[in-house]
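Below you'll find a set of structures to go through.
Both complexes shown next keep chain A, but they swap its partner, so chain B is in the first and chain C is in the second.
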Partner chain A sequence: MTLRGPLTNVVLLLVLAAALVIALGLGFFHVAPADVLRALFGDATAQQELVVGQLRLPRALLAVLVGAALALSGTLLQGVTGNGLADPGIVGIHAGAGVGVMLLLVLPVSVREASALAQPVAAFVGAGAAALLVYGFAFKDGGVTATRLLLVGVGVAAGLSAVMLLLALRMNDQVFAYAVAWQSGSVAGKGWAPIRVLAPLLAALVPLALLQARRLDVLGFGRDVATGLGVAVERQRLGLLALSVGLSASAVALAGSISFVGLIAPHMARSIVGPRHANLLPSAALLGGLLVLVADTAGRTLFGTTELPAGVMVAAVGAPYFLYLLGRSKA
Partner chain B sequence: MPRRRGRVWAIVLALLLLAACVWSVTVGAVRTPPATVWEAVFGTDNGSTAHEVVRSLRLPRAVVGAMVGAALAMAGALMQGLTRNPLASPSLMGLNAGASLALVVLMAVYPGLGHTPLIVAGFVGASVGALLVFGVGALSPAGLTPVRLALAGAAVSGLLGAFTTGLVLLYGIAQGLLFYSVGGVQNASWRQALLFAPWWLAGTVLATVIAPRLTVLALGDDVAVGLGQRLRATRAIGTLAVLALAGGAVAVAGNVAFVGLVAPHLARYFVGVDYRKVVPIAGLLGALLVVVADGVGRLIRPPFETPVGLLTAVIGVPFLLYYARRVGHSA
Partner chain C sequence: MKGVGVGSSGPQGAGSKSAEAPDGRLRFGDVSLGYRDRLIVEGLSLSLPWGQVTAIIGPNGSGKSTLLRALARLMRPRAGAAYLDGHAIHTLPTREVAKRLAVLPQQPQAPEGLTVRELVEYGRFPLRRTLGGLTRDDRQAVAEALELTGTTDLSGEPVSSLSGGQRQRAWIAMALAQGTELLLLDEPTTFLDMAHQLEVLELLKRLNADQGRTVVMVLHDLGLASRYSHHLVALREGRVVTTGAPAEVVTPALLREVFEVEADVVVDPRSGAPICLPYAVLSR
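This part shows the complex of A and B:
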């Protein structure tokens, strides 16, 4: 019984690897799975190596990393708030990143394009500021409650959306179209640069998240029980929230606002491996990666010459699943 | 005494609304003194530009603004009463998302259409969005609970929003949608007012009919049934009224945020919990809010206009945050 969770996660990892190989082969220039493997390990035609190794591999890896980060962030958030409907997008993080990026976009071109890092940094700062704002408003009587956090999050997100509209009115068509595309969340055409940023970040944050599994389990018993069991609830919450914000802010900074992953990946994981966070966190991460990878691959292959961004595809699948969850829940 | 208080507020607000409308007609890129306004409205047409501006631009604008504000506020009051959810309002229930999607579909399929078909499409879309939310909420075994309805609204909005973004990106019509999603009455005309009028009247009549039942419904489903109310009929009539009012308003003026949320709360603050008073007072407050916001929007940065939707957000967001802090207390 104790082995079931880890085994499931190994299976999920294998599924993700298989999906990655298949996804790398799909597209306008079709490559068979066997040839994909050959291309990855340096034994294929130059053309196959270019398409698979240089064009599709960074994109697919970014999709997996972004999905994993968002899923982990959502799992932490749901664990901390004890509310299965919490999502990094709902508490204003995505809107904050959006404001950051749009503020950058209304600046003169010379500033805007000074560095390739300007945009991710702006998004990250925006997301962090929004999270602080939400926490600050929700803080009362020495702590935050889950309901207050969610409600304040919805309010802050609404306010930030208004700010985004205000900024959008100052943009010309081209810049605005770019902003919409960014907002919709895409992993296309970004090369290896974002992976070089995101991979080390995740390498630092993911073990940190996994180490918190026990504490999350205890927090799940509710504030009083957790306090009785010797957990410094508010400090734990703050730390976990910061971790959750860090994960989703990095993901959104690099790939734009991809919603619903942080919401549904934890639910899918819970129905497979149960509620214990030691198993839940890794499987949510794997499922999140799988989800964004599949969504991105579908978005770039199903619509002929045009592409739909991963964010749109995820929402098209994620929202109905969420509604299904909602229909089943008794709340 | 309480009965008198309702009437006093109604008279005060009606006078304020009238004053606001007169003020709104005088301000803008060209200032028109009240005397000229009087001549233009009640005197003979002397063919001057000032008369033309008042008669065919500013007057319909004030009228449509008042109608839109009243409709949104009454719809919000009905929604809050029907769902017993203090955060229920048109924009949270999928109406705006549905209208945007319908508009984008129309813009994508038949570019360059006139105003009237777009309004009709917006209305149909808003209805579809609202029915989806209500349907999902009602399908589940536990029924149409407040939490379920709010979350179903968020998810349906997310889903429809994703389709909208997808179409916007595929067809490159981002800017066309922008002004609509900001919301405002800058394109108001007498034709719009006439188009909206039947829906507005029907919705207002239904809202007045249903208002006493909402007061009873606030005591709980069981009490309402015990007092001889047919819940299904109440909900059906209430939903129809919401669709006519909010659907029409969204179709005419786009996403004018927060009026439907704030006005009913203010009304309850003034006249208590009796929906027979809350509905009309909220309507007057909503109308006042939109007319004033529209006038202020013309003054901020002439000759440019600051959309109404942004100004109402300036009022609505702090309100929402204040409210969230208060509510979170009990949870």
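This part shows the complex of A and C:
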């Protein structure tokens, strides 16, 4: 047991904290890092406190939490399927959440705006239902194989996209624009409410994921070796898939479909700390948080008055990286 | 010996002087095995000798691997069961089974970047708690497994950088670290060159002789199987054709019936094991 992995994670945590402080200062109203710290710990001008503490902090924290949740979800999924190209989007999470939200949006205004929770709940239910659908179709001969899961996932996601298109045809321009904006994934202007949901959820699910670290390592040897080592493969796979879906569905429900984080963060983490999940899970979470934070900060500061949502920024970097991974993979 | 009927228990090969009279600790009872709609093995009963090296032989598709997989609870029987000390193996908690038998499947894959030591440490998985590091017992078992397989010097190397023979020894070390009396191996020498084949089989022989571990393996090569096992099980189309010591099993008649070849059988002057020299394919 070397200390390299844990130390790397401490360094990543410090990097993330530093990035957070810098990000909070960046923007139209510039605040120096020292003043950011002062604003956070209650000794700054009222204006600085408003901008940093009330406006930018919830947005930045949501970016970090969403990124961490998606990255963990992707790491679990890649571990369970033994396929490095697996991403929560592939088991239909994003498309499912999209259908959930769009179904809500075609309902009368009185229904869809009855509660602030209506939209996240619709997205979560949609994502969960899509994942169940994928698992159900992939199930054969007493279990699911990774290949079947991924192939069925692609098929179901395509089908759900068609459903979304169908729903979009029934929308007026304004609602449609809203739906597209939601789809592109953003952490902007959501206040503290989503953080109050996501933070406790992560606080509960992250330790649960970490407890599974060694079992995930063993699952990586494939069904036969894992069974030989005493892992009840199908039951563990199902449990870990549920955990992965819970994490990404929550993130997508609160911030829309930010894709590629669940794919890229585990790869970056693996190249830094190696394949063992005890180190891999925390690094992936930290890198995922960093990724979305940097993407969102870049999206709101780089382009003058136009703001690009975090989802678009991540995809701009993620798509080429995905192709690079494909080119490098042996398959 | 041809066409010996094999009972579910009781000694085999009565009258022979061989010491492998199976004692029933490890046996198949009326087991049926298959994939999807294809039945490979039907109603097979067989005992395997404890404390010895057994090789399962037979042509492609005869059910060798299927039988081993059932023993290792890698597949569920359609009917009947494989029994270890009287318990149907597939009904035992899988983790408990992992403390009693270790299995090395064909062509196992290790994740990129994993070192030999890390691989072997996973052999302790069934004995470890969810949290916490390796115990002193764990460390000792890992060190021993590395030592026995001659992989101590390789322990810091990534598994993916090893040669075929080294890699196979590393995987065997992982199975050894499990600390089980029973070792099951599915074609452990396939894709290895001659020197590496011998290296692996010598290792298994030593593990049996020095440590008393029971070894059951599927082997393709009849010569190697004869030379390195006490007991052979010859399968054809999911049936046991014959079982017993190599000298009793490997006969021209068996080679005709099981492998469909005409062959001479001579005795290896060095080991006394039968060697088969096939000269023609049996005309059907």
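By our rule, the second predicted complex is superposed on the first by the 330 of 331 C-alpha atoms of A that agree within 3 Å, B and C clash if a C-alpha of one lies under 4 Å from a C-alpha of the other, contacts with A are read in each partner's own complex, and residues count from 1 in each chain.
FYI, a contact is a pair of C-beta atoms (placed from the backbone, for glycine too) under 8 Å apart; a residue touches a chain by one contact, two chains touch by 3 or more.
Note that this is a predicted model, so its numbers are computed, not measured.
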Clash or fit, chain B versus chain C on superposed chain A: fit
Which superposed partner A:Phe260 touches (first chain B, second chain C, both, neither): first
Touching partner for A:Ser110 - first (chain B), second (chain C), both, neither: neither
Partner chain in contact with A:Leu323 - chain B first, chain C second, else both or neither: first
Winner by number of chain A residues touched, once chain B and chain C are compared: B
Which superposed partner A:Gly274 touches (first chain B, second chain C, both, neither): second
Which of chain B and chain C A:Thr305 touches, first, second, both or neither: neither
Smallest separation in angstrom, by C-alpha atoms, between chain B and chain C in the superposition: 10
Overlap of chain C and chain B interfaces on chain A (superposed complexes): 141
Partner chain C, residues of chain A touching it in the complex: 1, 141-142, 211, 214, 217-218, 220-225, 227-232, 270, 274-276
Touching residues (chain side chain B, partner chain A) in the complex: 87, 136, 139-142, 145, 147-148, 151-152, 154-156, 158-159, 161-163, 165-166, 168-170, 172, 174-175, 178, 181-182, 257-258, 307, 309-310, 313-314, 316-317, 320-321, 323-325, 327-329, 331
Contacting residues of chain C [partner chain A, same complex]: 36, 72-74, 76, 94-99, 102-105, 108-114, 118, 122-123, 125-126, 128, 130-131, 133-134, 175, 178
Chain A to chain B touching residues, read off their complex: 85, 90, 137-138, 140-141, 144-149, 151-152, 154-156, 158-159, 162, 165-166, 168-169, 173, 176-177, 180-181, 183-184, 259-260, 303, 306, 308-309, 311-312, 315-316, 318-320, 322-323, 326-331
